[in-house]
Amino acid sequence: MTESSFSPQTVSENTCISIQNATISYGSYEAVKNVYCDIPRGKVTAFIGPSGCGKSTVLRALNRMNDLIEGCSLRGRVLFDGADLYDPSVDPVEVRRRIGMVFQQPNPFPKSIYENIAFGARINGFTGDMDELVERSLRQAAVWDECKDKLNESGYSLSGGQQQRLCIARTIAIQPEVILMDEPCSALDPISTLKIEETMHELKKSFTIVIVTHNMQQAVRVSDMTAFYNAEAVEGGSGKVGYLVEFNETQEIFNSPSQQATQDYVSGRFG
Amino acid sequence: MTLSSSSRSHNGVPDLAYKQGLRRNLIARLLTMTAGLFSAIAVLPLIAVLVYVLIKGGQKISFTLLTELPPPPGLEGGGIGNAIIGSFVVTIIAALIAIPVGVGGGIFLAEYSRGGKFAQFIRFGTNVLSGVPSIIAGVFIYGTIVTSRVLLGNAYSAAAGGMALSILMLPTVIKTTDEGLKLVSDDLRRGALGVGASKFVTVVRITLPTAFTPIATGVVLAIARAAGETAPLIFTALFSPFWSEGIDGIFNPIATLSVLIYNFAIMPYEAQNELAWAASFVLVLFILALNLFARWLGRFASK
Amino acid sequence: MSESKESYLLRRRPPSEKLVDVSFRYLAVILASMVAVVLISILLVVFWGSLESMGRYGWKFLITSNWNPVDDEYGAFTAIYGTIVTSLLSLLIAVPLGVGTAVFITENIIPRRIRNVIGVMVELLAAIPSVVLGLWAIFVMEPFIRPFLEFLYSTLNWLPIFSSPPIGPGTAPAVLILVVMILPIITSISRDSLNQVPDKLRQAAYGVGTTRWGAVLNVLIPAAISGIVGGVMLALGRAMGETMAVTMIIGNSNNFSPSLLAPGNTISAMLANQFGEADGSQVSSLMYAAFILMILSLSVNVFAQWLVKRLSLKY
């Protein structure tokens, strides 16, 4: 891609989201510092690291979810297909319509299962066959069989794992280009987790996926690329500040990491 | 793809810019402005009332005003001294009735009832009682206490007024006690019972003191509310142009600030209208002070 | 070991302690029963008092509007109509204002500090005694809105509700002062319900790409609706029973007029005005009116509790 007015720095065609020297602060407190990371298109990228290292914060920065937290600000740049997500002219709503998100806790709307899917599609201006879209999204999220007989019941009538897959279906239904997943399985039992991982294998054919997980086996199972974040105490500051230690192919991170901290973490020596 | 086109500019960069003219953005701006306007309208009356009460009432305030009796209709001068005392007397009588009964009831609901039918009925009754119009409390006391002259043969009296107010305070005190006690962790109760304390000791020495601040906050707010009530007093405590004296005063009609405001506001004399504003100033200041005190108590509790 | 055990003299509970324990329990039960006793006594006393008038007028009391102590003829239609019309109209105005304000101070449109100030001010407005608001309504608000009411009369007098010239006290100013009184209830309860909507629902809404108002209207308000409706019903009950401010500004006329600009009456205003100097069958008729007011506010209350349960969403 040639240089555009949006991106003075050249970004490879294969890069979907490029995080360039991002520092995210809550008020005056820096949560995560100087992150550089090029997230490839059509792959699954995992963010791993100990708690408090800022991996979820970085993830939420990718679709401007941090805007909902008062006092949260980002320095540096996040480029999505070459467009700076933090340019003052950017409408966060537009961003979230292209970069969807699945949250840590399953959070269906207190509406029927059908409406849960249809709501997002409708506000995104979907004009096609809604019944068909609902079915296709639920199938893609591997939850159709459990839902097909009770589409008019509340989303909360489903089990936790089913609710989470409903939330994935809801995100698929708006046809984003990227799906962010913030520890999507942390509230779920092992069987539901397995089902969601299977769903992800299906999804990566059509979407770029970024997932935060504290489960290293999960990262190995689902991801192509892995970013390891860590936190260190700062001098004179209270609390820790997170930073990106290493970003590479998942195989490399887990088998031959270049950093000692990564080695320690993936071999279970801390965190 | 039938989804609305994710518009891209010619060079492949997605167009994420905020578009002013977009329908959803126009609607959002319109709604935001409407909500802001509504908030302004909601706050306006408070400012207007406060400003008028402070200015019109405040400029009347003087030592004689606070210490003298109101003048006969149509005459100038005088003060609202007896009404200030009367408001205190009636409110204290109400508090003396409502606090023990309400706290006791709340203790029953939170500590003794196990959600049985009786407790459900009492909770329902508390809700209903809190919805009973205040004038009805006056009608009730009028029908029972005033007409029967059970209080030492007197009809209208400060005591009757206090009883009417206590009916209005009761549900609030019960609810805050109930909710305050429910906030106390069960571990604390088990700890006390575990060392062999009786239920009575557990409640009185452990849970009640722990829940003191939320209960006190609720009680102060209930007192503030009662101090400004008028409707239950107009035909129970009535009014009196004289000082209320000694214990006897409790069983005779008594002046209160709120009834004074009512009576003097609808009189066609300017001097009386002015006194009504002055009484409003005193009453509002007293009630706002109680409210701020309750707020402070609440904040004190959360620390 | 055994020695030290014996130094705990109270290991075997003395009867006195048991007595205290048991009597405290009964005391609590008795005090709790006071609520029921008071409530039932109120109903009985008011019902008893109204029996004479009920027997004399029956249902006719509800639909005739001549209230005439001189001829000893009573019908409460004007007051019942006034109670219902003033409370519903004030609700109609206060609900959008209150819910709008609640949204404005729960969403981060303006800095938190200003939002908190607005919240506190609205709550303080609730603390101002109704008699003070009545005083303010007589001397400040009514003269201020008179030109608007006159304008309504001069341009819209072909409408029955604006068919009489404003003369000062009247139904319209009473409605407006009721709006001021119930606005804080609706605002603070709506705000609390909106604040209680779990953050995950807000995130879900933004996550699928709604605007702020898309989230508010489609997700947050529906999720908070049971609380908001509860607040609105509470406000309705309060508006029906509100006495002082209305009494002072409504004009206390028992002549029925469809015009909002004309003086009217409400049940509670009528009680406040006449109870003190009533005697004979007038007392009974007033009790009858009070009984109707109780039934009205009781049904609003019970209906509210049912509705809130019905509307509660699971999330």
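As written, the chain order gives the labels A, B and C, with residue 1 at the start of each chain.
Keep this in mind: a contact is a pair of C-beta atoms (placed from the backbone, for glycine too) under 8 Å apart; a residue touches a chain by one contact, two chains touch by 3 or more.
All figures in this text were calculated on a predicted structure; none of them were measured in a lab.
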Checklist entry - Chain by chain, through touching neighbours only, how many steps does the shortest route from chain A to chain C take? => result 1
Checklist outcome for this item: Of B-C and A-B, the pair with more C-beta contacts is B-C
Checklist entry - So how far apart, in whole Å, are chain A and chain B when each is placed at the average of its C-alpha atoms? => result 49
Checklist entry - Measuring from the mean C-alpha position of chain B to the mean C-alpha position of chain C, what distance in angstrom results? => result 14
Checklist entry - So which bits of chain C are touching at least two other chains? => result 211, 214
Item to check | Set of chain A residues in contact with two or more other chains | outcome: 93-94, 97, 124, 174
Item to check | Overlap residues in chain B, where contacts from two or more other chains coincide | outcome: 24-25
Next on the checklist: Give the list of chain C residues in touch with chain B in this complex.
Outcome noted: 13, 17-18, 20-21, 24-25, 27-36, 38-39, 41-42, 45-46, 48-49, 96-98, 100-101, 103-105, 109-110, 118, 121-125, 127-136, 138-141, 180, 183, 187, 211-214, 216, 234, 237, 240-244, 247-248, 268, 271-272, 275-276, 286-287, 290, 293-294, 297-298, 300-302, 305
Item to check | Touch list for chain C against partner chain A, complex | outcome: 108, 112, 198, 200-211, 214, 218-219, 222-223, 313-315
Item to check | List of chain B residues in touch with chain C within their complex | outcome: 24-25, 27-28, 31-32, 34-36, 38-39, 41-43, 45-49, 52-53, 100-105, 107-109, 111-113, 119, 121-122, 124-129, 131-140, 142-144, 167, 170-171, 174, 198-200, 203-204, 224-225, 227-231, 234-235, 238, 258, 261-262, 265-266, 273, 276-277, 280, 283-284, 287-288, 291
Checklist outcome for this item: The answer for chain B against chain A in the complex is residues 1-4, 6, 11-19, 24-25
Checklist outcome for this item: Within the complex, chain C is touched by chain A residues 63, 65, 68, 70, 92-94, 96-97, 100-103, 105, 107-111, 119-120, 123-124, 154, 156, 167, 170-171, 174
